[in-house]
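Shared between the two complexes below is chain A, which pairs with chain B and chain C, respectively.
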Partner chain A sequence: MIQQNSRNGPARVGIGGPVGSGKTALIEQLIPRFIKRGNEIAVITNDLVTREDAKRLQRSGLLAPERIVAVEAGACPHTVIREDPTLNSQAAENLDREFEHLDVILIESGGDNLASTFSLDLVDYWMFVIDTSEGDDIPRKRGPGIVQSDLLVINKVDLAPFVGADVNLMVKEGLEVRGGKHLVLTNCKTGEGIEEVANHIINNVLFD
Partner chain B sequence: MIHITEILGHVHDSNLSGTLHDLSHRNEVEYIILDRSNLLRRRFRAKTDQGTDCAVSISRLAKLTNGAVLLLESNRAIVVKMSEEQWLRLRPRDISCAIEIGYFAGNMHWRVKFEKECLSIAVESPEEIYLERLKDFFTTGKIRRIDHDE
Partner chain C sequence: MMNDDRVFTLLQHGDSIFPSGSVSFSWGLEMLKNDNLVTSSVGVEDFIESQLHDKWGTFERVVLAHCYEHAKDLQAVIPADNLVECMTLPSELREGSKRLGSALLSTYVKLDNPVAKQYQAFIHDNKAHGHLVVSQGLLWHSIGLPKNPVLTLSAYNFCTSALSAALRLGLISHIDFQMTLTRLGKSISKILTWPVPEIEEIHGFTPVSDIASMRHEKSETRLFIN
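Up next is the complex of A and B:
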């Protein structure tokens, strides 16, 4: 494993997607996996006018509370991860200063629409989380988040039969609109697919 | 895998250009080809045009450019090359159509440039996506696609 501080600071990984798609649940699944492999981790959450996601993660006990920082977007969530990511950049720099051996900072966007994307000034790698209950036509709607993200995560695969969603269709059309870029199927309640998500992060920005 | 942690300079820098010139004659200059949007990255995994696996992790204050030199050894150099940008050049039928397509492109968060009476849209994902979104504009004759020499 590369010592990140000899490699220009910790990796920054963005996690975006619509409200309720499972962004926070994905982070809850990723944290123990990174800790288990010896990575030092911190999290930045973005909410509109509250700190709900940060509080949820702090309550989970998965990570020391001081390693979880909340940013209140105050407006459309995409503005603070794309148009002007200063608040998040500063939060990341503060964490980097405070915890000198950090390997990775996960930055969770506030829930947004399919047009939400991350500035590459802010993050090194970003994923977009959708879920089957939003409808199996979501991938072919070609939102910028779906098309441009480094990794598309289709969550709640367990719910597909109950909401009449065709997961195979979502995969087929997801790959088509993304030009073959990776996507992963997950169930963030059980951990299904999370190892694969972690491996994408490790391979692309932790370089193991 | 080669770890790259800094930008050594630019291909036109006088202290690098001679060595690069010699290496290029021996086919020992490799290129990491990035499109414009990916030049913003500071930490990423990439393969050179000759298949060398690179883990790039440069300072957040650094900025990749077309021609940035990332590695310079006696028998190998690695240089960033920006891929050619693709543009969809559109001519609106009249002023009202120009306003409408301008509004639409902005609403789609598309990157554009203006060339005389044309609006050019940067093609940053499969071109079919843009053409499909613009279908109504084309079918109603509000815009037409033109080549650069028109």
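Up next is the complex of A and C:
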């Protein structure tokens, strides 16, 4: 749901979810699609212990390194995107001033639990990424991340048969607990489902 | 004596839930822990005590008092901001102070505070740095808090920020936190009786934490900004 606020500037899209669910891989898949559309993009990562995610994106060559900023979370991944997101807001404002034609800033949370949510003063739209290998009971466990996010992304669909996860059940229960709000199945290694994720962002925050 | 409105304002702006960004800072403690130089609640208390005595009391407190007293004349505040910039040698402490000060200003801008808007414009025009104690002095003056509670609040925030980092680093328990904070409160009370010297006399001497902060800049594994 898009919230009204007085902030101008690029759209901000939050990406949360548990450790290893594929948040960084999703960003790696989204960046070329936005660039191809002619959108200007920047990324903020919230690494927990290292700057691994920021470095991975910088090394990927998908974006100029100065468009990828790391914000340390002080061991509190949800605090810096929800209760006290001032450093992430500050990083986004700095990027906005530095790159005046930015269209989108992707803000990746540090890996967290199912209760993780974004402050709507920080982002305009946010996604929650889970994966099949965490178990097919994850959607019905609810949690604010699963229920409240604007888009639920269920990643690593290719692994489902190998870990005994029932993807159809995850979709059915995901839609149930989310009251019918959108969810997308992805494989961030091959790009499956990414176009649909990009379209959700475009339709909800870029409006073109 | 503060009236109830002022007490409420003090509680609101001193609460750890007030968005300030301080959760991401350890002020050198993370590196001291990684180097096994601080390993217990006693070490944490010694670390914070030395910061209060040998830096906050002689440096930050003086700048804060100066900025509070000159809050209506921003041109008189900028030299103090420059002085903090020049005299904070470890890069992470200097940048951390600016990031926190700017983050605090940014929150007050969103709360429609005119002083915050004015000083943030100076920073964007590269005319000021926005160090933490400078921002605290300006902003807390602008919301009508008296000077002594402002000084106490700044020291309290520093202590809770460092203790909170110590808690997340596994150095202290939640009970240690409160016991240590109570003892530190007595130290703060004593420091607040010290005369406030001229701004030109600010100084600090905390070499162990300064070196730890400098080493933290190169650390590959880090939870905190400094």
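We take it that the second predicted complex is superposed on the first by the 201 of 208 C-alpha atoms of A that agree within 3 Å, B and C clash if a C-alpha of one lies under 4 Å from a C-alpha of the other, contacts with A are read in each partner's own complex, and residues count from 1 in each chain.
Operating definition for what follows: a residue touches a chain if its C-beta (ideal position, glycine included) is under 8 Å from a C-beta of that chain, and two chains touch if they have at least 3 such contacts.
Worth saying up front: this structure is predicted, and the values here are computed from it rather than measured.
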First (chain B), second (chain C), both or neither touched by A:205: first
Which superposed partner A:73 touches (first chain B, second chain C, both, neither): second
Partner chain in contact with A:177 - chain B first, chain C second, else both or neither: first
First, second, both or neither for A:98, with chain B first and chain C second: neither
Partner chain in contact with A:90 - chain B first, chain C second, else both or neither: second
Touched partner set for A:121, first chain B, second chain C, both or neither: both
Where chain A meets both chain C and chain B, residue numbers: 121
Touching residues (chain side chain A, partner chain B) in the complex: 2, 6-9, 11-12, 115, 117, 119-121, 124-125, 142, 144, 147-148, 177, 179, 203-205, 207
Chain A-touching residues of chain B, taken from the complex the two chains share: 1, 3, 5, 37-38, 40-45, 55, 57-60, 109, 124-126, 129
For the chain A and chain C complex, residues of the former touching the latter: 48-51, 71-76, 79-80, 83-87, 89-90, 93, 97, 121
Chain A-touching residues of chain C, taken from the complex the two chains share: 17, 19-26, 99, 102-104, 106-107, 110, 124, 165, 168-169, 220-225
